[in-house]
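Chains: A, B and C, in written order; residue numbering restarts at 1 for each.
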Amino acid sequence: MMDKMIFGRYVPAQSIIHRLDPRSKLLMIFLFVCIVFIANNPATYALLVVYTFLMVSLSKVPFRFIIAGLKPVLWLVLFTMLLHLFLTKEGEIIFQAGWFKIYEEGLRQGIFISMRFFLLILMTSILTLTTTPIEITDGLESLLHPLNKVKFPVHELALMMSISLRFIPTLMQETDKIMKAQTARGVDFTSGPIKERMKAIIPLLIPLFVSSFKRAEELATAMEARGYRGGEGRTKYRQLSWGFKDTFMLLLLVLLALLLFLLRT
Amino acid sequence: MSMKPLVQLNNVSFQYDIQENYALQDVSFEIYEGEWLAIVGHNGSGKSTLAKLLNGLQYPQEGTITVDGMLLSEETVWETRRMIGMVFQNPDNQFVGTTVQDDVAFGLENNGIARDDMIERVNSSLNKVKMAQFLDQEPHHLSGGQKQRVAIAGVIALRPSVIILDEATSMLDPRGREEVLETVRELKETHNMTVISITHDLEEAAKADRIIVMNKGKLYREGTPEEIFQMDEELVKLGLDIPFPVKMSKLLKEQGISLSRHFLSEEELVAELWTSYYNK
Amino acid sequence: MDILLQQVEYRYQANTPFERLAIKDVSIDIPSGTFLAIIGHTGSGKSTILQHLNALLKPTAGKVIIGDKEITSEKKQKNLKDVRQKVGIVFQFPEHQLFEETVERDICFGPMNFGISEDEAKRRARIAIRQVGLSEDILAKSPFDLSGGQMRRVAIAGVLAMEPDVIVLDEPTAGLDPRGRKEIMEMFHALHQERKLSTVLVTHSMEDASRYADQIVIMHHGEVYKKGTPEEIFSSPEGLMELGLDVPEVVRFQQKIEKAFQMNFPKTCLSVEQLTEEIAALVKRGEQR
């Protein structure tokens, strides 16, 4: 089930997008989310599409792969489109079959809004596909750093995030292992009435909890043994470096925003 | 090997809250600079408690532990932790970083080492454990043996005087175990590292300079591997095993073959058999 | 009950960019009453094979025949419960699967999932707990209050109480001390002998494989490298050494003796006692010369 999900998975490659500073990528996503709402006519949408596909091609992640991974989300996009198509009743009727009518405005909004949705998802996937989770964490830690002044525990939060990221694959393996062990003892996780299936979760969850607690305890011991005693006095090994390409990419996005403003109606 | 005691345990006793029996009772010994000391005993003999005390994760109720002349206490614990590095049993549960280099750097970050120095130390310690080509690898793509070598790199990056392996090979496959022991042997030889390995693997203990046998929380016997393995059936009674060459020597003697002693290495035993065959 | 693997292939995450071939062209025959050991490095495909033995995995090609059930990639299988009751698996570190409030309830969990009545399950729990060398008063305790070694035994009892025809063991002694290791292996060997229980042992330990198994399969890079009786497997240990696998200490020592004395013993000895006799005879011949 998890095998086919690519959302949130990192695909290693050597591309300019991969090499961007995670902070610039995070800022770009943030800006992009705002900018998308400027577009309101075919020209501006075309511009957004061109920009997004430029980013996709720069990332060197195979397009086929992105689409395959986005399949579950594409249904949502299609649903959004149909919703607008059927429920908007403005403009001229462009199609009619009995009581069923499609209005011009419906078609227009359907296409635009689902496109907006689609482009947003595409851009966010590019971020997660080209940035390791730990880079995203570092980026967030750095961007949130000013919040330290108001006693916001940025270091602890970042450490928690990075340890969680570190243990997700371990926990998945563990889940798989315990599921198999209990299946071998006659538990059926995949079929049967809902009530039975809910009951089947207990023999999975309890061992998972027990082992997670044990892990957490051992990890804490290991961390202590290696001299961890909070964020104070700690140096940082990972360093982010903001380069010309980051400034350039951000400027490109600002330029796009300006163009959209000029072209919107 | 110089005979300078690096770590001293004096009449150490320890008891867990909930238990009636002492986990450790009146244990005294010394650990010398540059030696490889194996502490053996079956599960529950007190050897793991010993590791916890040495790292200041617990404190003895009676007796004292001194590290390089410094009394181990709550005040000195952070300093002694820098001198005594620990490698634990479960390779997964001590891997903190998301990649190999991050994990090695973790201890350095904690100790506030400057970044340039850190990069140098991460690289050189990964070189020493032959994991340099895995800098950016994530832990779930590594074998158990590789993870343990990374853990060792993380420890030696802090340049400790002593490294404790707390059953560090017991969850590994034979190949992983061999990798880890080979790494430790090299570290000891080329960098004069003091090694304490807490183990129930007798093959591992046979490689040590000195062995301490623990039983029921007490120091049962102390000696060179040669001396310890003469104990023979006594070891089996303690829940341990006898290395193959010793077992073989013993059986041969029972068959009426005269051997000068119980051999610890197969080569020596073969050589002795060969001489007794041709020189009679 | 017989188990037959015919040209089994398995790919993890088939048809994704992460696809990985785990085993291919694996054919193994496990007639009822066999003690089979599967040996190989981590990642050689041992665990993948193991999961095919009770249909936890379905082959992506080839077929697995368990008793009268045939499992292939095409067929949608129902009623796999039958298969799973007859083939019990003791996974690596089985103590991680314990979850019930008491040892007794945990042991009864498997049997009751297969429709055994509570009374019968409890009766089986009492037998199983003794089989694994623990006393009955442990049944009322919480499994989480036990020592690691005891938890391991309880988990094994949980599988034994299902009364399977075939028992599959994945590194059952991993992490135990020498005494525990020996006791557990002796127990499985006794079960195999007394009840003719088919046993499949996945292990790294050449010692255990040569001591207990009557058939050995060596896996390498997802393929069967060699199969045969322990004598057949270890009579030419050079190939195994090339793969970086150990050979039993006895076999290794015999080789060293043969090399030093420049002679060959008539056969490969698999027990220390056998080898001792051979060597003693050899040395005594020397003395009489």
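Simple rule for what comes next: a contact is a pair of C-beta atoms (placed from the backbone, for glycine too) under 8 Å apart; a residue touches a chain by one contact, two chains touch by 3 or more.
Being a predicted model, the structure only gives us computed values, none of them experimental.
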Ask   = A-C or A-B: which has the larger count of contacting C-beta pairs?
value = A-B
Message = Taking each chain's centre as the mean of its C-alpha atoms, which one ends up farthest from the centre of chain C?
response = A
Ask   = Between chain B and chain C, what is the separation of their C-alpha centroids in Å?
value = 30
Request  = Report the inter-chain centroid distance for chain A and chain B in whole angstrom, where each centroid is the mean of the CA atoms.
outcome  = 45
Message = If we count contacts the way the header does, which residues on chain A are in touch with chain C in the complex?
response = 3-4, 65, 174, 177-178, 180-188, 202-203, 206-207, 210-211
Interfacial residue positions of chain B with respect to chain A in the complex = 55, 57, 78, 81-82, 85-86, 88, 90, 92-99, 101-102, 105-115, 118-119, 122, 138-140, 154-155, 158
Touching residues on chain A, where the partner in the complex is chain B = 132-134, 162-163, 165-166, 169-170, 173, 214-215, 218-219, 221-229, 233-239
Query = Where on chain C does chain A make contact in their complex?
reply = 13, 16-18, 51, 54, 56, 81, 84-85, 88-89, 91, 94, 96-99, 109-110, 113-114, 144, 158-159, 162
Task = Flag every residue of chain C that touches chain B in the complex, lowest number first.
result = 41-43, 147-149, 174-180, 204, 244, 246, 249-250, 252-253, 256-257, 260-261, 272-273, 275-277, 279-280, 282-284, 286-287, 289
